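Shared between the two complexes below is chain A, which pairs with chain B and chain C, respectively.
Presenting the complex of A and B:
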């Protein structure tokens, strides 16, 4: 009494056991009596099931033929209409579905209705004996004993050291797998050219420059740097870093911090379109609330507070592109972004410290 | 031609050439600016304006103020132009049924003549974007170019298949299927509610025509892949697969384990 942990139902200390001491031994009920199917007794039912299976396989054949006919008979050229493409897509799909389903359901129906279905019970294997277990332990003990690893710590320690050091060369080699990005993430095409020429803001996708007068209040321009379309290689990589959203607000609604006073022009502001969370294009602009919304994870940026994050998982404001107007009235970027655009990466903190304008 | 070429060494030839050049440049510039202003040119009669003024006073002035100068409940309409009126009233967004995240489309409250009179009145207050000409909304532009412009400027809110999408706090960008080319054009030039303005310097009238062409084309073509489930992407497709697809799998497992009679 009182020992609750032995798990024996006959010696529970807390449950009244009067009259329950005689536990009935569980009888193995064995396999239930075999029940014959219709197809086992009635030859006509068996014949019918056979025909059903054949029909299912036949459906599969028809499906394959539908696929082949629609693939070869419907000729898709450059001038095919959407309706033709849709018809072919539908027939290819239906054909494949029937071809696969016909075989699968046919085999299952065959097995269920016609193949022998007598029940078989498989006996358990004998559990391994204690002697076998002891023998295995002895083998391991012998190995440890004969290597003498316990008696020779010098060998043991040098072996451990060698094994621990061996993978290190692999680490060095993996470092060479690809080009290191180095400062590529810290700079964009917006930096002034080598001759000090400031980059103009151009329309995406046609690349024509934008005049300040073109940007009326409430407008949103999707902007790429001047010269992006003329790049012969790496155009997409450059575009991915340098896309900008250009908007014009009532200047009274902007609240620039002192060091950003001259980054806007008459209420026209330019912000990186790359979300600081995972880099989706933040291009949903609500012109009345002045909120920018990222479509991927709903990060929301407030344009009137220098694109501060007001909702969602982004952790930093969108980087602002300082802009001005050149002598011909076109909008230009006075420098590159003052911080790397887009999501965080390992070296980002060091790159912020590098003046990249 | 021979007479001209003989006189080209005449002492006054240079002056004549200069004059001709100036005339041509000036003329072209004048034509170009009138093309830009042609849309502000109204074909409204004085009676349209007068009737519109009465309609405005009776139906709109409560919120938008006497003389459309705005009040605490509604913005000033001076300078919004006829296009804004035609869009807002023509799609039933105005008069607004109730306050909400945004004015929603509903059956138009005014007939075409009344909408035109209202537009005439608002356009008479100050110049603003006019109702587009038939030539830019005919849907016969370059659909491929329109698609490129649409994906750059519109698809982030209106969805790549123009099926619409959610914004913040109950606001949404509506689906564009079934919207007339004229209303799409007017929405681009006026930027209704939270939609940004896409003026002619941003997307040229030709580009807007291409966008409308593209939208009409994808609408009439339908989905090339069969049922598009609202073209809403993983939400509707996932719902369908989880319910219908899992349902089929469950049905098959029940059939697999059942006994045949």
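Presenting the complex of A and C:
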């Protein structure tokens, strides 16, 4: 019934089924004869299946008990070790699993072994009658006709315009979800303080400043700006922009461009740790090859070429932090980064020069 | 109970207790009509129909375990110092969200179990939705009248991924925080509005203090409500259409062959819920998932190597990895008119997923346009009997899998001791040629299987019995099929290409010519089902009709 509502092959003539007209086709032999199960013919088999189902339900009861006992008997006191928690987790899981699987397999076994398993055929009915179908189309046509929307384009067009604009407040009302970006992404904590005091490079996470003399060739430091840990709010926001990797190479291996000659100190260089791809921390330093590798998407940067991208999905080199040494021998940043750190964004190009000012 | 009837009319009185309860409820709220419709409704049975059930049941498990977790979870990003019982993190500065997730794991009895149940059920949910969709695609179950239900199912797939991702980020641990950071980077790459979206989503700069509570609202209210709505629509349409059935004797587009809902189908389906729950419980008991206490609280500085997103996000992450950022010295990222066009992020994040989902949503209409098949289909196709569709599906599947594998490129490199760069180069190549190879191979395999079916239908099945003939030749005896088995092999349609049809003005327009070309591509390679005449001929060719089995088999081999 279902397949001739409006496009039966006889009428539409659209589906070519070569060599398949009714005469040449095999006739459907119908549903195969029903095969009786053992439990249908042998009362002992049926009784056995009944006992199996009951046993499975019994297992479920045992599972519930296991759960309850392990919930109440195992104490998660203050001194509970991770082993205790693992044990309780395993027992709760086993209990639940038995409780659930007992019921589930029991019911399915019951259905498969004991409930009637005759396959039956049921007619499919058309979703709606042909009469309803035509009536529905007519009703829609009538409704559209009675509104006159087709004959009165002025109404239609102004309505469309109004409906198109009406959701705008619903968008605008979300305007306070966050502040405007403005130049927030252009600055980091590395900019010298208002008193002109240069920020020292400090160890991540404890915040102790780093002396240039502590940095041996081949070593690498995870660096945060001095004073970051003392921030009372927005600490993670600042950290997300200002983390830096500090490495010392043989100065002969660095090939700084002319304008960056004085950005390093004695072979010590500092680069932003935030990947220019999508912002993961570029945390892996290959000491032998002087490559920096981002573990998220494998962008690889070459320290000896000012962190140029040599592999992976990043397009831009990591921004370099210009550093020097202060009177006490500590490493300091002589200015903020000269470009925004981290992933690219639409307005980035306008922000590139701002830190210079 | 029968007081409302006139006293002298013959009164139907329910005899059993169950009947009386049914009657009581019916007389107050009605519903006997619904029961009559559904009580014995026939459902076809097949193992592959269970994937949808698994999806439904894992969603129920998600609702149950998720509700439990909300009683203890606090989605605040305020800073706190951990004071719970997990010693290694004692006094460590972290967000309240992370601290409360640790408390659920270590100080709430059964909390860790519920977390694990929730996470495993979430992975299973997206997986079963995906496999269910593959089943629907490869069997052609999306054809008329079920196109809209296919769309609803596709929406459900996207929603299930959204539910998974928003939930994954909630514990505010190092791993999920890095996941959010990647999302932030992808959002920022959107032209014009990207930076604004990022600031609005995070309430300012990344990571801010708002994102967890916002994701929490999406995760426990908006997304599950939408999923529930879609599930209701999905099941409603299943009822309207009735279930599809696999081809076989006695099954056609006009009937539905299977078990009645009550009791046997309901028992099997209902019992299956407990089985799914039990299996999830076993996984939660023995397989650690997302051990957030190992990762530590979110901190923008550290990251651990070999990190992976949950599996369903993998294909997007893999596409991000595959895209080269520079080609030679040419930067894929471009500055045009003073603005950044971050193509190295934008393209892989949007294009593959965009293509996959667009094709997925529109496929029923694409195929209907090519084949001009406007009939209702309730009998499924065996995948081999629709070789081109099956090949298209496999091409898409392989494409997805290449991207998915790329999300683990670093783990592939470390586990198989190959160079990471080589893994990426190979996967980049496979990204383009993988789907093409998959298409060709699948189509050939499907056609070969069809030919095998033909051979079996014509000459019977191999019995494994070897017979030596008087003149010394060895043959294997073939046993003829019974008519039911044969019908399964021959009872399908094999459409031939449909040439361009003139429209009502008698003109074959360019669109129609294109359609005809696609139709040829779709149906050109075809294996027609065996017809009774052919079967007759096969037997006749062997000698006398209904010949002795051995003789018949001998001819079969000499054929």
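As a convention for this text, the second predicted complex is superposed on the first by the 312 of 357 C-alpha atoms of A that agree within 3 Å, B and C clash if a C-alpha of one lies under 4 Å from a C-alpha of the other, contacts with A are read in each partner's own complex, and residues count from 1 in each chain.
The working rule: a contact is a pair of C-beta atoms (placed from the backbone, for glycine too) under 8 Å apart; a residue touches a chain by one contact, two chains touch by 3 or more.
Keep in mind that this is a model prediction, so the values were computed, not measured.
When the shared chain is aligned, chain C comes close enough to touch A:350, but chain B does not. Contacts of A:157 after superposition: neither chain B nor chain C is touched.
In the superposed model, A:247 makes contact with chain B only, not with chain C.
Of the two partner chains, chain B is the only one that A:113 touches; chain C does not reach it.
Contacts of A:222 after superposition on the shared chain: both chain B and chain C are touched. In the superposition on chain A, A:288 makes contact with chain B only, not with chain C. In the overlay built on the shared chain, the residue A:24 is in contact with chain C alone; chain B does not reach it.
After overlaying the two complexes on the shared chain, residue contacts for A:147 are found with neither chain B nor chain C.
In the superposition on chain A, A:38 makes contact with chain B only, not with chain C.
Between chain B and chain C, C touches the greater number of residues of chain A.
Residues common to the contacts of chain A with chain B and with chain C across the two structures: 82, 85, 89-90, 93, 108, 112, 204-205, 222, 281, 283-284, 295, 298, 311.
For chain A in complex with chain C, the touching residues are 1-9, 12, 14-20, 24-26, 28-32, 71, 74, 76-80, 82, 85, 88-94, 96-108, 110-112, 115-117, 119-124, 127, 174-175, 177-181, 184-185, 204-205, 222, 224, 236-237, 239-241, 243, 273-275, 277-281, 283-284, 295-299, 309, 311-316, 342-350.
Looking at the complex, you find that chain A touches chain B at residues 35, 37-39, 82-83, 85-86, 89-90, 93, 108, 112-113, 203-205, 210-211, 213-222, 247, 281, 283-289, 291, 293, 295, 298, 300, 311.
Residues 148-149, 152-153, 156-157, 165, 167-168, 171, 191, 193-199, 201-202, 221-226, 255-256, 259-261 of chain B are the ones that touch chain A when the two sit in their complex.
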